[in-house]
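First chain written, first letter: the chains are A, B, C and D, and each begins at residue 1.
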Amino acid sequence: MNHAGSKQPTGEKLAGEEIAKHNSRESCWVIIHGKAYDVTEFLPEHPGGPRIILKYAGKDATEEYEPIHPPDTLDKFLDKSKHLGEVNMETVEKEEKEEDPEEADRQERIRTMPILEQCYNLMDFEAVARRVMKKTAWAYYSSGADDEITMRENHSAFHKIWFRPRILQNVENIDLSTTMLGTKVSIPFYVTATALGKLGNPEGEIVLTRGARKHNVIQMIPTLASCSFDEIVDAREGNQVQWLQLYVNKNRDITKRIVEHAEKRGCKGLFITVDAPQLGRREKDMRSKFSDVGSNVQSSGGDDVDRSQGAARAISSFIDPALQWTDIPWFLSITKMPIILKGVQRVEDVVRAIAAGVHGVVLSNHGGRQLDFARSGVEVLAEVMPELRRLGLENRIEIFVDGGIRRATDIIKALCLGATGVGIGRPFLYAMSAYGLPGVDRAMQLLKDEMEMNMRLIGCSSVDQLGPEFLDTRALSMHVNGTPSDTLSLNVYDALRGPHSAAWAKAKL
Amino acid sequence: MNHAGSKQPTGEKLAGEEIAKHNSRESCWVIIHGKAYDVTEFLPEHPGGPRIILKYAGKDATEEYEPIHPPDTLDKFLDKSKHLGEVNMETVEKEEKEEDPEEADRQERIRTMPILEQCYNLMDFEAVARRVMKKTAWAYYSSGADDEITMRENHSAFHKIWFRPRILQNVENIDLSTTMLGTKVSIPFYVTATALGKLGNPEGEIVLTRGARKHNVIQMIPTLASCSFDEIVDAREGNQVQWLQLYVNKNRDITKRIVEHAEKRGCKGLFITVDAPQLGRREKDMRSKFSDVGSNVQSSGGDDVDRSQGAARAISSFIDPALQWTDIPWFLSITKMPIILKGVQRVEDVVRAIAAGVHGVVLSNHGGRQLDFARSGVEVLAEVMPELRRLGLENRIEIFVDGGIRRATDIIKALCLGATGVGIGRPFLYAMSAYGLPGVDRAMQLLKDEMEMNMRLIGCSSVDQLGPEFLDTRALSMHVNGTPSDTLSLNVYDALRGPHSAAWAKAKL
Amino acid sequence: MNHAGSKQPTGEKLAGEEIAKHNSRESCWVIIHGKAYDVTEFLPEHPGGPRIILKYAGKDATEEYEPIHPPDTLDKFLDKSKHLGEVNMETVEKEEKEEDPEEADRQERIRTMPILEQCYNLMDFEAVARRVMKKTAWAYYSSGADDEITMRENHSAFHKIWFRPRILQNVENIDLSTTMLGTKVSIPFYVTATALGKLGNPEGEIVLTRGARKHNVIQMIPTLASCSFDEIVDAREGNQVQWLQLYVNKNRDITKRIVEHAEKRGCKGLFITVDAPQLGRREKDMRSKFSDVGSNVQSSGGDDVDRSQGAARAISSFIDPALQWTDIPWFLSITKMPIILKGVQRVEDVVRAIAAGVHGVVLSNHGGRQLDFARSGVEVLAEVMPELRRLGLENRIEIFVDGGIRRATDIIKALCLGATGVGIGRPFLYAMSAYGLPGVDRAMQLLKDEMEMNMRLIGCSSVDQLGPEFLDTRALSMHVNGTPSDTLSLNVYDALRGPHSAAWAKAKL
Amino acid sequence: MNHAGSKQPTGEKLAGEEIAKHNSRESCWVIIHGKAYDVTEFLPEHPGGPRIILKYAGKDATEEYEPIHPPDTLDKFLDKSKHLGEVNMETVEKEEKEEDPEEADRQERIRTMPILEQCYNLMDFEAVARRVMKKTAWAYYSSGADDEITMRENHSAFHKIWFRPRILQNVENIDLSTTMLGTKVSIPFYVTATALGKLGNPEGEIVLTRGARKHNVIQMIPTLASCSFDEIVDAREGNQVQWLQLYVNKNRDITKRIVEHAEKRGCKGLFITVDAPQLGRREKDMRSKFSDVGSNVQSSGGDDVDRSQGAARAISSFIDPALQWTDIPWFLSITKMPIILKGVQRVEDVVRAIAAGVHGVVLSNHGGRQLDFARSGVEVLAEVMPELRRLGLENRIEIFVDGGIRRATDIIKALCLGATGVGIGRPFLYAMSAYGLPGVDRAMQLLKDEMEMNMRLIGCSSVDQLGPEFLDTRALSMHVNGTPSDTLSLNVYDALRGPHSAAWAKAKL
């Protein structure tokens, strides 16, 4: 389709001054990677809202655009007639960036950051990332729904599970390997799908691809990746295995195309997200003015997008909130990949999933980013397995868990309860954001080291030996909350102190 | 009744100097809204005590009087013979107000306050209100009984209730509407009755009337409003619905008059407060020296009021502490409005209320302002519904809950447990105090947005689908309280720290 | 018995210079209330150890001596031959007291202390007392055993008990009165025995006598009072009732004499302390260097006292650690006063007490000053009453509770559970220490005001209507203790913040 | 075995300059206690890794070497041909030590430290030690596995156990003595095995030997001691009893030699550590750069040691991770000492231990240094004893507990639950590190004093009277963890404050 009014020079590069004139809602051009685009008609369809585009009307938008759009976005979603051609970048006026003291502080923190060897566990990467990431990127990765109760509960739940180790077993050789959906992996975790990897690292999700390859674990490719699907698949090496995470588009043709493409490119599992008919409100993210996030992968646009509700709701416009159990047979019909429902949160739905013929479920609450006060995946797992055993269904599907896994002990606990494997997301994002691939590599190695040791200490030499008898989970479902604090009493209480000499007292030791 | 000694000039305005002479307990005149009143004989009857009036003896008391007395107070409670007539305000000496550094700070905080769009949830309005409200007004709104344990427990209780969401439901279209006492509302909350609205906003309760109208929810008119009952009713628009909250007067004639008037003016429900035979002691309020609050709506005065006990006890003088179950038939006889008991706190009394023939109950502890260690309404609800179901009584009355509702998840939890709707009070007061009607509007809109999303995430497209199977309430009644802290051990424990470089350590990152 | 070597001048006053010579362990004289005493031989017998006496050897020890010895101590425990007679105080060298900056601070705090009317509850007196009392006195009153877990649990336990109030009862007139051991009292608490009242107020325990009289409650006279027993009895007015608390002396003749004397002087109850075969180690007290406390009431001295263990162990030297159940009949035989065992801590011992024929028990852990991790009295009460009812013994004795009572709700909870009344100790000591008799008066009045209101709010007009159906005690015995804190996770968590403008952020609002 | 290339001067001392030349991986000499050693070939075998040795290549390594190697290490593990002979120390260049401000601060803290008498309980020694120990030594002693949850839970678990004391027992004379594995001891604790005593005190473990002797308790000799086994045995006096803690070497000949030697030297019990097939990762320790710890007692070296994993894994290289139940008969065959399994953590393994014919078990998680989220020994004890009683096995073995014992109440709780005795480790290390032998002496005396008093207060005069009826352990296994904090609500809550005058408010009282 050709638009008569559009200026499409051939051969000759566009001048910055020309582009700068198209700086309004009426005529809006932007420069991306040295090329100009007429996005006037696209403005109302932009999933992230028109405002963020208009901010760059007539200017170079590359820096803002880059981390949150896969490279094939413009080709896919903007009619060729709007591709105005190359720009003579020397004629584009450089914007004087304001000196941002916060950014200067951040650069100083990066300059003096701890070396990678000082990270001894997965929380350590988060501690570093929090201080070296851009504030908006950190807010996007680290935020959760509402009061972030579920987000924090996810890891906290593991702290209600205690071990009953056995002794005097031959634990000289520890085998951490297991099989997930037919793929042998070196350790029972996979890299779960997380959005917008370029916010943390300019290379985006392919850093995770390389880390997963090195440690022989599976990567789940996110629908909302910063890299394009094909870029991520292309980064695969050898017999490396990837899965696809899928947000189901209202337009089933698009969905079908994506699924078929993934299968063709060799994906070995299709994880359909079922806990996000609408993407969650994340107030920390909203507060950080992260108003411009978006991903165009499947966007079909639409005037009814309520942009006032923030980025997450904008992104979610293409997701089908009418997806139902009755859609499952269709998915089974269009692919031979095993199908796994990601985001199951009650035992009844696990049973229903088995009846529907899918091959697995992920007990997950979307990293605490969707419904606050959803229970942790591991708590749901503890509810699910006894019921499945009672019904004789425990071997009918593979059950995965994600959310809050930070230690090898967390992995072992999930496996003892009956999980095939666990998904880990944010920790690798943080490792990647702080230290790139070496960070991801070390994070995975730390988990392996921890797990080998902990397997020894629990008295098991291979994953198949793990079982519920190694755990004490009695308190797992007790969501207690202390009586509100007795302020007056606490204030008058004169707490006990240890010994101190006059000199120490003075020095406040 | 005419008092010979009273000076009642006709035609000519009173001079400030004349009024200034009547500045003692023996002869006490005050100016309110440009008119003078002889309150000498009224002094001992003033529900707020004589002291606060004497502070303004011979002076203009308007500013102090305004927020805490409905406009018809003087007509209703002061004999016409004491209305001395208009004052020539130019002859009234202006009081040099002391420069109050605290008030100056507050004005500065108001000048620089966050914009409304920065409020993303109901707690945010409270955070702003706390800093921009007058200290005494804040203390009055925010205070609770004794140690404020119940006040805080009210919201905290919701944090012991967790969700069991279901997946793969068609949640494209969400219908939040429901019916309360025959009225269709857009979302299952109502604006519950709260006293003294003008402390937070010069327009008082009618701001809430307008907000409720906009969002098609019901407003419950408080007995102790700053606006008069008729003002609040007059602010109603279209087919907007209001209910009346009633403190029962010892003088049943007054009570009857109020009820009949309310019915005539179109009120659609009579909520009789049964949890306040005496108004609570609220120490935070007392400490803030808020000694002058009072409301005259029904005051019949009385020498036996113990004014030393603070405002709340003074206000409560007209309330009948002898109100009993045997009074209920009389109420049923004087009105056709449905009658709801507000402040029920145990299942036995719900059953008794059904037997008494009332149409509903509000499970409530008066916002934690009456009996400390009363349980939260939502906990009582979880006790009530299974018992009603056991007795086959679950559909005999409508059950409402109030106290601590701040998130749409709280509303959904109450509805899952069986409530028809929930009352929300303080949050709207805070929104109104900080931002006026736009604040109330945004607060209600935020609840709608939250609820629509959360309904999707729990897998329900309409309110009638909600039920107890969506909740895990096992810990709700566990009022645990940790062992007192192990001070010495905590003090010697050298907590783990994340990685830090020398530079970071120096900068205390 | 006369000691030849002692200098006993007759008629003529002793000179300070003479006394000053006897400043060693070999010859140790001290001045008390203007009289000199030769305590050389008494040194090793002093329950508080010789060191504290030697500090004043040859000097005036009155100020140190006064608060911790009843006035009849010297007559009772020092042979008349050691009473050296009056001293010409003008010849005694005044000690230049070092300027103590801490004491100066304290005096300044006293000068600017809050007025009595600012105390709205019992905790408030403690908050003031903590800042105006001498550090050692505060440490003595406020300290508990070991880690002070039980001391704090005592009040904390009440926070695990919640109300189930009833509505629509006639609560116009509230009758707080009840009967304890045959005495009608105005409100169901008594002033329990606490040691060394003069540490807090120069008048000592008789301040409490007067307060109890004013509010028509019973005072229990402590064995280790600063005032003598007779002084306290003499302070009684009208038909005021007192009880006696008794530490049983190894020498039963002394014990018998005390009991018979108390009965003769009109005491109406004998409370035998059974939870203190040895007085507790209280480290806060020890740390404050309060090495000189002691009370001589019954001291028979003894070389085997291990003085290195601090004051409490020294004081306890006269207490009989061999007191047994078989001693009870003897007590019943020597007095007609009802006998109550104070310090019972398990249901088995309550049953045994009934079998032994005593008239009551106090469920108490000695204010948390003896065995740490003893349960609170109110928790034991909740264990005791159902078992007594099961055995049909619930009316056989009167059951009292003490420990941690600070609010009228605490009293009501204990009464609902079956207590006849409750003992309150420290709060009145603090009120007395901070504000003298007016403080005690106000503290008692506050409890009455609170209780009247709370009785109304719970729906009971008299004490006999209270019962366990008004309580939810399910969590009372759950001594949970959260999993140790997840330090690394807590440190990396970036907590949600409310709205703030740039200006507010700068001002750290 | 003689190495031709080695320089072995006879008669004449080596010069510093000569040694200084051998400062590389190719030729590495070090000086220890005035003698030179060629460790070039030993480098790859060093359990602590070669790096730490290379740091001292060509230099005097004595100060670093001393605390972490028993004196017989070089003789045992370095071929005589590598012993180069005495060094003329005057020719060795003294290294200018950098001024370390942290060390200077520490020395100042030592100079002004509290006197021993200010330590009133076991926590107090830890508080002092934390401030006077070298940072690396403190980190080694005080660290635990992973998040140190188990380490802290160990003491915290005791806080979930409450007493049910009995009254009116004859508790005049308290007998704390008991019998462990046939040895009568004065109080039911023993000094359990802890590694590297010289880190805290230059004399090392023999300080503990002397303390144990003084208080007539048993010392368990650690495998990884700083002193040699024989030094510790030689420090024994009179009929003092010692036990041996054993890490089982992969080379059973070495193990057998050690066991036989211990028996010959009079050890009365063999405690085989079964909870450490691999020594734990302790991040606090790793973070403190304590990269040079190691103990050579049994090291057989090995190229496969993964030195990158820190000290603990290096040390553990000789421990046999293949030790199994089937090895137990062999142990029973090589010694007549009673055999006790140290580190049992579930009831099933206690039953199995009985079946295997051993004489005892220690319920222990290695002081929280191995598997995080292992339950506390005392919790396991509460699980074990009822089951053993059910099986009629309760008298078949002696059961010990260690971990977290800090108070005599902790000891009493363990004994009530059925333990024969308890092991105490770190507290004595801290007492020794802060105050040497007098510290250990006082720590033990404090426990005796506390226990005597607490026995009285619980109503028992000897250890055999203790039983489960004295405890309330209902909450022991409830590993609850509160709902994550409600940050926004907590932030807006305006906490109650006590009374304050304007002056006090200003002074922030």
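FYI, contacts are C-beta pairs under 8 Å (C-beta built on N, C-alpha and C of every residue); 3 or more make two chains touch, one makes a residue touch a chain.
In this text, all values refer to a predicted model and were calculated from it rather than measured experimentally.
If you check the contacts of subunit B and subunit C, which chains show up for both?
A, D
Please flag the chain sitting at the greatest distance from subunit B, going by CA centroids.
Farthest chain from subunit B, going by C-alpha centroids: D.
Subunit B and subunit A are one sequence twice: same or different residues at the contact, by the over-half rule?
Result for this pair: different.
Let me have the rounded angstrom distance from the C-alpha centre of subunit B over to the C-alpha centre of subunit D, please.
61
What is the distance, in whole Å, between the centres of subunit C and subunit D, each centre taken as the mean of its C-alpha atoms?
The computed centroid separation for subunit C versus subunit D comes out at 43 Å.
Give me the residues of subunit A that touch two or more other chains.
Counting only residues that touch two or more other chains, subunit A contributes 118, 120-121, 123-124, 127, 147-149, 152, 156, 159-160, 283, 287, 478-483, 486-488, 491-492, 496-499.
Across the complex, what residues on subunit D touch subunit C?
Residues 118, 120-121, 147-149, 152-153, 156-157, 159-172, 407, 409, 413, 449-450, 453-454, 456-458, 472, 474-475, 478-482, 487-488, 491-492, 498-504, 509.
Touching subunit A in the complex: which residues of subunit C?
121, 123-124, 126-127, 130, 138, 142, 147-148, 152, 155-156, 159-160, 283-284, 287, 406, 480, 483, 486, 488-489, 491-494, 496-497, 499
For a test of understanding, state which residues of subunit B touch subunit C in their complex under the given definition.
109, 112-115, 118-120, 123-124, 127-128, 131, 146-147, 149, 274-278, 280-281, 283, 286-287, 309, 320-325, 327-328, 341, 343-346, 348-349, 370-375, 477-484, 486-488, 495-498
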